[in-house]
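The first chain written gets the first letter, and so on, giving A, B, C, D, E and F; residue counts start at 1 in each chain.
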Amino acid sequence: MEHKVAVFRKEHFNAAHRLFCADWSDEKNTTVFGPCANPNYHGHNYELVVQVNGVPDAQTGFVINTKDLSTIVQQEIISRFDHKNLNLDTTEFKNLNPTAENIAIVIYNLIRPRINKELDLKIRLYETERNFVDYPA
Amino acid sequence: MEHKVAVFRKEHFNAAHRLFCADWSDEKNTTVFGPCANPNYHGHNYELVVQVNGVPDAQTGFVINTKDLSTIVQQEIISRFDHKNLNLDTTEFKNLNPTAENIAIVIYNLIRPRINKELDLKIRLYETERNFVDYPA
Amino acid sequence: MEHKVAVFRKEHFNAAHRLFCADWSDEKNTTVFGPCANPNYHGHNYELVVQVNGVPDAQTGFVINTKDLSTIVQQEIISRFDHKNLNLDTTEFKNLNPTAENIAIVIYNLIRPRINKELDLKIRLYETERNFVDYPA
Amino acid sequence: MEHKVAVFRKEHFNAAHRLFCADWSDEKNTTVFGPCANPNYHGHNYELVVQVNGVPDAQTGFVINTKDLSTIVQQEIISRFDHKNLNLDTTEFKNLNPTAENIAIVIYNLIRPRINKELDLKIRLYETERNFVDYPA
Amino acid sequence: MEHKVAVFRKEHFNAAHRLFCADWSDEKNTTVFGPCANPNYHGHNYELVVQVNGVPDAQTGFVINTKDLSTIVQQEIISRFDHKNLNLDTTEFKNLNPTAENIAIVIYNLIRPRINKELDLKIRLYETERNFVDYPA
Amino acid sequence: MEHKVAVFRKEHFNAAHRLFCADWSDEKNTTVFGPCANPNYHGHNYELVVQVNGVPDAQTGFVINTKDLSTIVQQEIISRFDHKNLNLDTTEFKNLNPTAENIAIVIYNLIRPRINKELDLKIRLYETERNFVDYPA
């Protein structure tokens, strides 16, 4: 066992989205995605937990300063997705279904370059209190 | 003191909305409503708590059967607003700004006729964990 | 406006119960109480919030010392109901249906004599996160 | 690293139970299990989180449709245990002590055949907010 | 019934404090305040809920813009008390015991002049999840 | 896969602390630690989750009796840190910066000798709802 600690920072954003496959009929979209396929969108309060694993610095006692981590999340994620329509207002989900799984992968890929390579990164995203995902698993 | 008990039932729905005044310029709407005025909508997980006050029945011990209360909320509110765009998909908010205040008043008015007159009704609506309203106050 | 402050103390207990009217047939009990009428009982993690209203003492700044309030709740409620079968193990619910409404009234009546007369008392009882009651309303 | 995502779905059920070893005296049962050994049972609001890990489908963006996952949990777990006495009303705990550990293992074994083999399954069960288990660890 | 709606905004701050009466001996302070009398202080994550009651504006649908309310709380409360020692770093609690009751009254008096007179104000302060107060009651 | 189950027990304590490096100037401490460097301390409600992994006992169905686990946490952690100033009142943080990372490592090292060697131990510590750590990662 290495002496790694996992540090978690929780943020949130509110967004609208719609789940559907452009190749499918309305009927098939409704069968698969149910009310999530509503053409006029619905929305969520997304709760985002960013996890960074590493060895604490001997002097500061920090794996990563959570203020810095919060700033990175603010710059890369909140400013991009908060109070937006994920399907219409973003480039990331123009051609990618904004499921919780895909949003978590997109968030991981946006934050990963901002975190030191020796640190591990993991994303948890709550779409609702009862539906949530981790990436990587 | 009367022997009234307040009974609470919590439900939830997910919806998209946009806050704006049709009479105002985009600039004024953004000044007043901030990112909530985004023309492509954003959304929330609304948590709804319905409160009914009355004297418990001597035989059942219920003010109101929470199963019945849940059914009323399902029929009047969840089926109407869940996974909907409040501005586009509903008649209630066609010409009424869907603020938490107005949504709570609309919900009260939809449920009130379904509850016995001798029972008091109150609505709490959480737009987010940190922004919520009660009606009547 | 008087300068009253409300002080709240949250405690919890776990108990089994069954809802039914002894005068009714099994069918009628199941119709009214649904699965809550199961003859072999089911159970809950009850969350209890005791509210005491009064004017803070000028010297201590306390309406009531929450340690003392917690002790009263422990002695009168937790020791009586925690890890008990409300229908079988208590005198209070031998002939009283243990609905959330009735449990809250019983708790109020057990705590009321232990609180100074000039202080107001109110009980909130969560049967589940989604079903809860206040007494008095 | 494979591109696996973990999907979580939270459900709940309310049940009564009693912890004891049939081979032991009442004294020994009370020593080991404390008030959980109460012969007349007590109960809990069990919160169940089912986790399924896999690679999201390229077209839907889903590891598993949470509606389908919810249906499986409803059919296998909620309909079996909700509003039941685990010791008396189920076959699974007739001869197995219904500790949180054992309930989680039983739930895993009931759900596992309903989930595709290439997907990993994990169960989290909250007996109370302060006592919970994961299986497998 | 007037058509008043209550609007709630939740904020938080972290602070150290100590409960004691300067006139009392250490023994008496420990008897009354228990470990809260520790001379070197302890601390809390205070959760603050500010409630404003009024009639929603016909055009905006707002009783009060929660952004404005949040700004007022930030300016008057968070900047004053967050990451502070209430006994040492503030003028308000130099000679006033920083109980939850007194902190709530102080917060009310700081915010009241910033809210329009026709609006009612109420403060809820959580010292911990299990100990909290309302002012006015 | 072994048949290990993870058992979690949640406890809490309230403490004051200050983050700073004794070798640094006040300016550098404020730059790095922000308001957490306040010389007069601030504080938190720490939520502590202790996780123990192992194979349940065939007879009891327990990996570890959570009453015993709670007692260990009470004796080693709560009695040591609750209502204390971590910098001034403890030996552990006399020369160690009391970041969440370091507190979690200290807690792990205090509890580890009290847990059977064949059982795995993991610590989660919430400094606030939005900042928390795991050790080991």
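FYI, a residue touches a chain if its C-beta (ideal position, glycine included) is under 8 Å from a C-beta of that chain, and two chains touch if they have at least 3 such contacts.
Bear in mind the structure is a predicted one, so any value in this text is a computation, not a measurement.
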Outermost chain relative to chain E, judged by CA means, is D
Roughly how far is chain A from chain C, centre to centre by C-alpha average, rounded to an integer in Å?
41
How big is the gap, in whole Å, between where the Cα atoms of chain B centre and where those of chain E centre?
28
Enumerate the residues of chain C that touch no fewer than two other chains.
34, 129
When you check every pair of chains, which ones turn out to touch?
A-B, A-D, A-F, B-C, B-E, C-D, C-E, D-F, E-F
Taking the complex as given, what residues does chain C use to touch chain B?
19, 21, 23, 32-34, 96-102, 104-105, 129-137
Contact set on chain B toward chain A in their complex
12, 14-17, 34-36, 38, 40-45, 82-85, 88-89, 128-129
Parts of chain F lying in touch with chain D, wherever the complex brings them together:
1-11, 53-54, 56, 59-63, 65-67, 120
